[in-house]
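Shared between the two complexes below is chain A, which has chain B as its partner in the first and chain C in the second.
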Partner chain A sequence: MSLSNTSPLQRHWVFAWRSERLLPYLLLAPAVVVTLVIVFMPMVQAVWTSFYDLILFKPNASKFVGFGNYVKLFNDPVFWTALWNTLLWIGLTVPLQMGLGLLAALLLNREFPWRGLARALIIIPWALPSVVIALMWRWIYDPNTGVLNDILVYLSIVQTAVPWLADPDVAIYAIIATLTWQGFPFFAVMILAGLQGIPKSQYEAASIDGASAWRQFIHITLPGIAPVLATAGLLRVIWVANSMDVIFVMTGGGPGYATHTLPLYAFIKARQNLDFGYGTSIAVTFTILLGAFVVLYLARTMREVER
Partner chain B sequence: MKFLKTLALGAVLAASAAFTQAQAETVRFWYHFDNPANPMGDLVKKFEAANPGITIEAENVPWNSYYDNLYTSLVGGNAPDAAMVKLFAQPRLVEMGALEPLAERIDAWQGKADLLDNLLDLNKGPDGTQYYLPIQYVVLYLYYRTDLFEAAGLQPPKTCEEFRDAAIKLTKAPETYGFGLRGGKGGWDQWGAFVMSQGAELKPGGLVNPEAIAANQWLIDLFQKDKVIPPSAPNDGFQEIIAAFKSGKTAMTIHHIGSSKDLVAALGDKVSAVPVPACGKGRWTSYGDESLAIFSNSEVKDAAWKWISFLAEGENNVAFNSATGQMTVTKSGSADWKLHERRFVDATIESLPFAKVLPQTSAVSEFVNTAWQTHMQQALTGQITAAQMMEQLQTLFAE
Partner chain C sequence: MTQQSTFRRIITTDLPVLLIVLFAMAPFVWMILTSLTPTATLSATGVSLSPMGWSMDNYVRLIEQTSFLKNMLDSLIIAGGTVVVGLLVSVTAAYAFSRFRFTGRKLLMMQFLLINMFPIVLLILPLFVLMRSVGILDTHFGLILANATVAIPFAVWMLTSYIAAIPKSLDEAAMTDGCSRLTALRKVVLPLTMPGIISTGIYIFITAWNEYLYALTLGGRNVRPVTVAIQTLIGEYQIEWGLLAAGAVVGAMPATILFLLVQRRLIGGLTQGAVKG
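Take a look at the complex of A and B:
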């Protein structure tokens, strides 16, 4: 029997096979189209814009400069300052948030009166809008009228008020402290959920075997919440890296360039100086750096977690 | 026949619909008021009652990102029809081709004669065309604490030397400092009183001449060596300098009449004002302008003009100024001025002879928006020297 002599049944089978192969793509198509239009098109356009000398209030003087903006960028001392500040920003904020979150979660996992209320209250910093937090802390840090200096002077910890946000050596750490306060509840809640998923029987078995509280923490608790830490950590790295609203409101990147991070620098260049070409090249460079980090992180951490 | 009737009726209906549509125009208007007591709603109501068929959508846009929003909305094609604008933005807006010339409309307008002299000239565009209609003005002067000056046996300073002398005598750190300097955003106009007065100019070579550098060094020294300025100065904006002055942390500061109500409420008779001191050869203070403009892309220019000219007329302008706390631009409004205590009005008027505006170039916009602040903060905190600050700012004005 030759192939051309296919029976109606076979033909039907081929058709069904084809539509079965096609169907998932058809179902996915709307989502893919939307993602292409609202995510990838602007991304491609951003890369394209970064090849232009485009200043918004000089629309007629726009011209193609190829990698010109990138060459300028790598020769720009502010870029390197901002890159270092960004590393400091992520490298301190996320571990501090995670540490504080872990501590809070362990406390909240214990039995104590009013525990439900405590669990609800701890969310407050996370639930407040960033701008409100930034303004609040700006006044807390204020050397002339702020409460922090008042307390420190009263307790004789410092002799005179410290200009937290006006000192270039201190400003970025002051903002990191603010963001740590804002972000730790996210970790606390995620880790608390992870803790409740660890079966009690494991702790019971360990204590029968004579394991100390510390060893229980190292060998049961930590492995139990490792997947949560890995995922929440990654999310926070991305959010913290991109968040500039708190910095913008608290110092506007100053004093000088002391609190410029790359996203903030891109924002100031593009939106305040209206230099979209250069601003976009900063944003694209930062996206590539962050993307590379995320890939490395995923490759390493997820392997560890699966093991 | 019946068909024709229906057709005719339909045509009439369509025409009347088109007619009402042409009548009902909406003017989108942007402004920025810091004051919580906002009379804009009442002004809009009054205008709409007098001009049926025009609806005003007035939006209070936060000051800190006012111009960022304005420029991007102009480029994005979603700009308002009219807005409050300042002179420093005019060169950029002209370069973008965003402004509608107003000269003919102003000439035909009955309110023109009531505008204070000279304001229209001050507001002219860089190309000599009139795009701006003045709406209010202020002049920066020196606020001082009368009680602290009296206790120290001092007179309000008339020169930079007297100013420094008084600041040193009034400083009892960390409780009190002589002068509240605004080192953060918007502080360039305070800086101008000390540096622009001594020969600094925003033009090629204008910032790196020895007099200008020495003047800048003198100001930085007030912070670093004399320590008569609170250590928070590099990050201090408007809110901070006013809060510090109100709480008695500083004995002098430079701002305009817009904050006088607030200061009098907190300090009563213990606050007064004089023109900024004369420094070196000259005297310089910032003329703070605010105008209204119509954008060239607007489709309701006539209605927009009716609205902005309404705001610049006699009593409407006074109502507008009662919210911003600034000075009216009309002669009829000034004649019977009750919004401010007399001593602050006097200090403003005495300052007018040497009040100046910055040159109108687009580099000035960058100077005002970001560059001055960044470099001043670096100089104050010792990351760069006073001379380096001037050299770096000069690169903005290199031809």
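Take a look at the complex of A and C:
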């Protein structure tokens, strides 16, 4: 059907139908174009750079080395240290945050007069800039004048002041404690929302049947908040793995390599040695390793969207 | 009987909650106390716990001897700019996602979710190289763009769920009355989504204000947001904790106050996002 022998009304409808088809793409264009330029282009460039031997202050000496950086990485003992630290970092921080968050959420879900206030105050760590958090805890952990040592010595839990961030065996745990503090409010808030979605009638029925508080927790509460735990947990694994600002400000990765995680190692390599080729190859490797969790999270979220 | 149950509630609920609240607040309160203690007292007897030993000395020095106010302005421009850029491009995108079913919809939605998961370190290095060659390193514009990498995908997802909550029949009714799609978006959907847009904007503002790694890498002499400025307060030979604490308190204030003001709605949106996808 050619446009010439259709009535104006029909033509109008064809036009409207066409623009209706095109419209979503037009509406999406700005966001897609901007993200293409500031996210995907740089990313492709990162992958590209990782195949080059590129030191930023001598750009003329840049040369293609293929998988050279990755081979170097494989034989780099610091890479393996950083990988182990990353696993330790995620493996301890996320469960600790979740445990403390669950405890806080269960308490906040009870009835008491100042509940609103408590709920607002508990999220303060979440709102603070990570630099402030890192510096704050450095001050608390300070071996000479820090309040933590003062308290522990006063309570005779330790005999002499502990150099929390200067001892290679202790430093990473000290930072994990800080990050646990920073992140538990997120879990508390998410889990609280999950708890409030569980119908009260289930508990009433259970107590009529004589189920103990513990059994109610295992059979009603936990299954009720399981989806929230899974989603928030995955999100947090990705987030904690990526977050390096707190470590960077607290120890800069030291003492030695004791608190290096993979993203931090990539950042330090590029920032201090301006070794962008090697730095990006670490970043790319880290991204691929993290990819598994990202895929799990994406699959979960997109399934929800489809419903 | 009721007295006994009140007592029981205090032991099993109020007291544990109080402990957790104290745990959450103590470090920041300690920072505030530190900032109120003059440096001389701090090195002699430590942090002053009584109001008798407090003074605004550190805050006065912070304003007079450092460029902190200028740094606050930098942060304000960057965070404000990120909010504008983030919301402008996201509102229409979110409308498209929630109102149209088109080829590639799922893929594009996933793309925005995926960006949010990318390690910042993977972006920061090429962005540095890119911005250096374009010549926007150390400018407000450069940092606004960098922060937009986080803000846009977040805003798209938040706004999609907000707009999806508004019944389609409303804009269809407007269109039957002769409005075009875009007029319906402007006159019907936007006003109804305003609360959601505002809380998304505030959350973007907070994240951009608190952001540190981009500011450190892509900023410099001209543009130095507070998060970087706070760290430069660390002296060359010894750390001046009083001054540093004052900077930290002032630098954290805007975001913290905003967060407390809007926490209820913000958390509603965030948890909805996580619980329902």
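A few notes on this one:
What we mean here is this: the second predicted complex is superposed on the first by the 254 of 307 C-alpha atoms of A that agree within 3 Å, B and C clash if a C-alpha of one lies under 4 Å from a C-alpha of the other, contacts with A are read in each partner's own complex, and residues count from 1 in each chain.
Just so we're on the same page, a residue touches a chain if its C-beta (ideal position, glycine included) is under 8 Å from a C-beta of that chain, and two chains touch if they have at least 3 such contacts.
Computed from a prediction, not measured in an experiment: that's the story for all the values here.
Applying the stated contact rule after C-alpha superposition, one finds that A:131 touches chain C and leaves chain B untouched.
Touch criterion met: A:145 reaches chain B and chain C at once.
In the superposed pair of complexes, A:257 makes contact with chain B only, with no contact to chain C. Contacts of A:177 after superposition: neither chain B nor chain C is touched.
Touch counts on chain A: comparing chain C and chain B, the chain ahead is C.
When the shared chain is aligned, chain B and chain C each come close enough to touch A:271.
According to the touch criterion, the shared surface of chain A, contacted by chain B in one complex and chain C in the other, consists of residues 56, 145, 271.
The residues of chain A lying in touch with chain B in their complex are 56-59, 142-145, 160-163, 165-168, 171, 251-258, 268, 271-274.
Considering their complex, residues 68, 71-72, 75, 92-93, 95-96, 173-174, 183-185, 230-236, 240, 243-244, 247, 249-250, 362, 366, 369-370, 373-375, 377-378, 380-381, 383-384 of chain B touch chain A. The residues of chain C lying in touch with chain A in their complex are 9, 13-14, 16-17, 20-21, 23-25, 27-28, 30-31, 34, 42, 46-47, 85, 88-90, 92-93, 95-97, 99-100, 102, 105-106, 108-115, 117-127, 129-130, 145-146, 148-149, 152-153, 156, 181, 206, 209-210, 212-213, 217, 226-228, 230-231, 241, 244-245, 248, 251-252, 255-256, 259-260, 263, 267, 270-272, 274-277.
Partner chain C is touched in their complex by these residues of chain A: 20-21, 23-25, 27-28, 30-32, 34-35, 38-39, 41-43, 45-46, 49, 56, 103-104, 107-108, 110-112, 114, 118, 120-133, 135-137, 139-140, 145, 147, 150, 181, 184-185, 189-190, 193-194, 197, 227-228, 231-232, 235, 238, 241-242, 244-245, 248-249, 263-264, 266-267, 270-271, 276, 279-280, 283-284, 286-287, 290, 294, 297-298, 300-307.
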